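Only one structure is covered here, and it is reproduced in the block below.
Per-chain residue numbering starts at 1, and chain names A, B, C, D, E and F are given in the order in which the chains are listed.
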Amino acid sequence: MANKKHTDHFRRERQALNDLVMKHANTGIKRFFNLDTQAYEPGALDKRTKELLGLVASLVLRCDDCVLYHLIQCKDAGIGTEELTEALNIGLIVGGSIVIPHLRRAVKAWEELSSTPPTP
Amino acid sequence: MANKKHTDHFRRERQALNDLVMKHANTGIKRFFNLDTQAYEPGALDKRTKELLGLVASLVLRCDDCVLYHLIQCKDAGIGTEELTEALNIGLIVGGSIVIPHLRRAVKAWEELSSTPPTP
Amino acid sequence: MANKKHTDHFRRERQALNDLVMKHANTGIKRFFNLDTQAYEPGALDKRTKELLGLVASLVLRCDDCVLYHLIQCKDAGIGTEELTEALNIGLIVGGSIVIPHLRRAVKAWEELSSTPPTP
Amino acid sequence: MANKKHTDHFRRERQALNDLVMKHANTGIKRFFNLDTQAYEPGALDKRTKELLGLVASLVLRCDDCVLYHLIQCKDAGIGTEELTEALNIGLIVGGSIVIPHLRRAVKAWEELSSTPPTP
Amino acid sequence: MANKKHTDHFRRERQALNDLVMKHANTGIKRFFNLDTQAYEPGALDKRTKELLGLVASLVLRCDDCVLYHLIQCKDAGIGTEELTEALNIGLIVGGSIVIPHLRRAVKAWEELSSTPPTP
Amino acid sequence: MANKKHTDHFRRERQALNDLVMKHANTGIKRFFNLDTQAYEPGALDKRTKELLGLVASLVLRCDDCVLYHLIQCKDAGIGTEELTEALNIGLIVGGSIVIPHLRRAVKAWEELSSTPPTP
């Protein structure tokens, strides 16, 4: 638990900045944020598949914050390490070696997310 | 059947050019092509999920040929239109309106792929 | 008039494919298309400025269809050639020489759009 | 005033590194820097429009430093918050959710830039 | 000779469109085009190395026209097929499978460029 | 020596994270890392040319970690400052002003790498 420092910091910072964006946002920006949330809600595809799609899209576009967000969602959705690794492998093949620095940080974050003992 | 002109042409052209690449390829390029194929083989994630990952990665990176290839694979893997649409929706949200021209061509190709009557 | 072949073909093709997208679209995709349209409606910034923003964003992301769409909108909004050239110049500087093939096609389309005599 | 820490640090660091680049630059690099500066000088388009173009181009290409630089220029050119928000909205729609982390940091920087009382 | 149809067409079209760009270009665009040409002139690095740099940069940014232009320059500079293949291999590794459609077209163009018998 | 703080930190962090990636990697990821290493081994093109290709590809794709890695390799391969500057110039022209923040950090790192006296 105590070792989830990086991801916990990310969650708080992300929330604080989202609040700031909403404070200034016009209707268009607010609606975009809603559409973004809705796109990952389970439908014909389940939550797990959708989060993996968001993860790989974020990895090939090389956005660390987006990758970390979807890693957290993947962990919450019960994705296992072997499944995650295969998804990262696809992102690496599609996006090439330029993806590697983001892959490194993704694996580090995944290890942090995976190291938390279940709450009693 | 007769109306699968565009995707059929794509398959033949792709194969002919792949043969040409292999004729000149060094070991590194050949191995990359093998890795690329292997990344989509079923493992902890099934074929359907992996093809959707390849599709969305291709869409946000805006590569028509890659999108079309994965659409064909998705169709062969039995992905339905509603599932496909949700995956395209995620690609559109992640990648933005710049993705729309590729989304248009993807939907057109999917309609062509879907219109073929089952062979008797 | 007769020489507006390329842009006229683009408008018709774009409309036909948009209809096809809407035929298959889920709520998320439909709402995204609405948001996209609304973002360019005049507000604190006028139509002209917004279309120039869409044009330069499309140019640096190197999307020919998007560039052509915004060129048509810029022409309709009364942007002059000197203004357009300065916007293209910014896109070229920001995006680099990789933008040049798209700049070439943009200038060709602009010339076509500009050559039409006013309808009597 | 005291709270302009982030943007002030950015300005100083940017200047120091530009000096370093110029120390080693060949003629080509020096001329590129000049062209870059000239592209934003007022002409057929005014300064405000040009800075908004630079801002949105930087946002869709997802470059934090470039976004921050143009935010500072926008503030200096007298762009208001509502105008800025509409420009950011276009960048978000064109570039998609992958732009959001940069949008968050842009809004935070804009708030910092806007909070300074006028010097007496 | 007769079989250099694709690259010959490209050269003519490129020249015609460059003339059109220059017809409308402001000083900034003209100077950018000059800087672009000068960057590939031999200096501390020779012409061959510079053209390979332009080629690989164009390949990872996935611009077919830019790739084709630098392939022509590489051929003119005496680059051999084995050297070219190693450069393409680096572009493929850095840029990933999304580069493959462009790699295919590059190899096809290279074969066309290489098939011309020496002029008597 | 003492002033190589940034690049030394980068090397250690990179190695630690690579070890972590390898701990979780499947066969596909491991093979990709091998292919990546092999692509830069001397062949028809020498080590120096290949590292410059990796550098410019990394610069136009705007990956600081990748740029820094190839700068270290370029320094080790005996590339001089004038040669490096010409390669960076090509990256700047191809990729545009959006590359400048990465160019700044590249020049700073190169100065650090160049300031170390030869070990006795």
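Definition applied: a contact is a pair of C-beta atoms (placed from the backbone, for glycine too) under 8 Å apart; a residue touches a chain by one contact, two chains touch by 3 or more.
None of the values given here were measured: they were computed from a predicted structure.
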Touching subunit A and also subunit F, the following chains: B, C, D, E
Chain copies touching (subunit B, subunit D) - same or different residues, decided at half shared: same
Comparison of D-E and C-E (more C-beta pairs in contact): C-E
Furthest chain, CA centroid comparison against subunit D: B
When subunit A is superposed on subunit E by its C-alpha atoms, the rotation angle in degrees, nearest 5: 180
Chain at maximum distance from subunit F, centres defined as averaged CA atoms: C
Inter-chain centre distance, subunit C versus subunit F - centres from mean C-alpha coordinates, in Å: 38
Whole-Å separation of chain centres (CA-atom averages), subunit A against subunit B: 24
Intercentroid distance (Cα basis), subunit F paired with subunit B, Å: 33
Per-residue multi-chain contacts in subunit A, two or more chains: 26, 28, 32, 35-36, 39, 43, 57-58, 60-61, 66, 82, 85-86, 89, 92-95, 97-98
Topology of the chain contact graph, where touching chains are joined (line, ring, star, complete, other): complete
Residue numbers on subunit C that touch subunit F, as the complex places them: 60, 92-99
Contact footprint of subunit B on subunit A as seen in their complex: 35-36, 39-40, 43-45, 49-50, 52-54, 56-58, 60-61, 66, 80, 82-83, 85-87, 89-91, 93-95
Complex contact set, residues of subunit E against subunit C: 14, 17-18, 20-21, 24-26, 28-29, 32-33, 36, 57-58, 61, 63, 65-66
Subunit A-facing residues of subunit C, complex: 26-28, 31-32, 35, 38-39, 43
Subunit E to subunit B touching residues, read off their complex: 62, 81-82, 85-86, 88-89, 92-93, 97-98, 100-101, 103-105, 107-108, 110-111
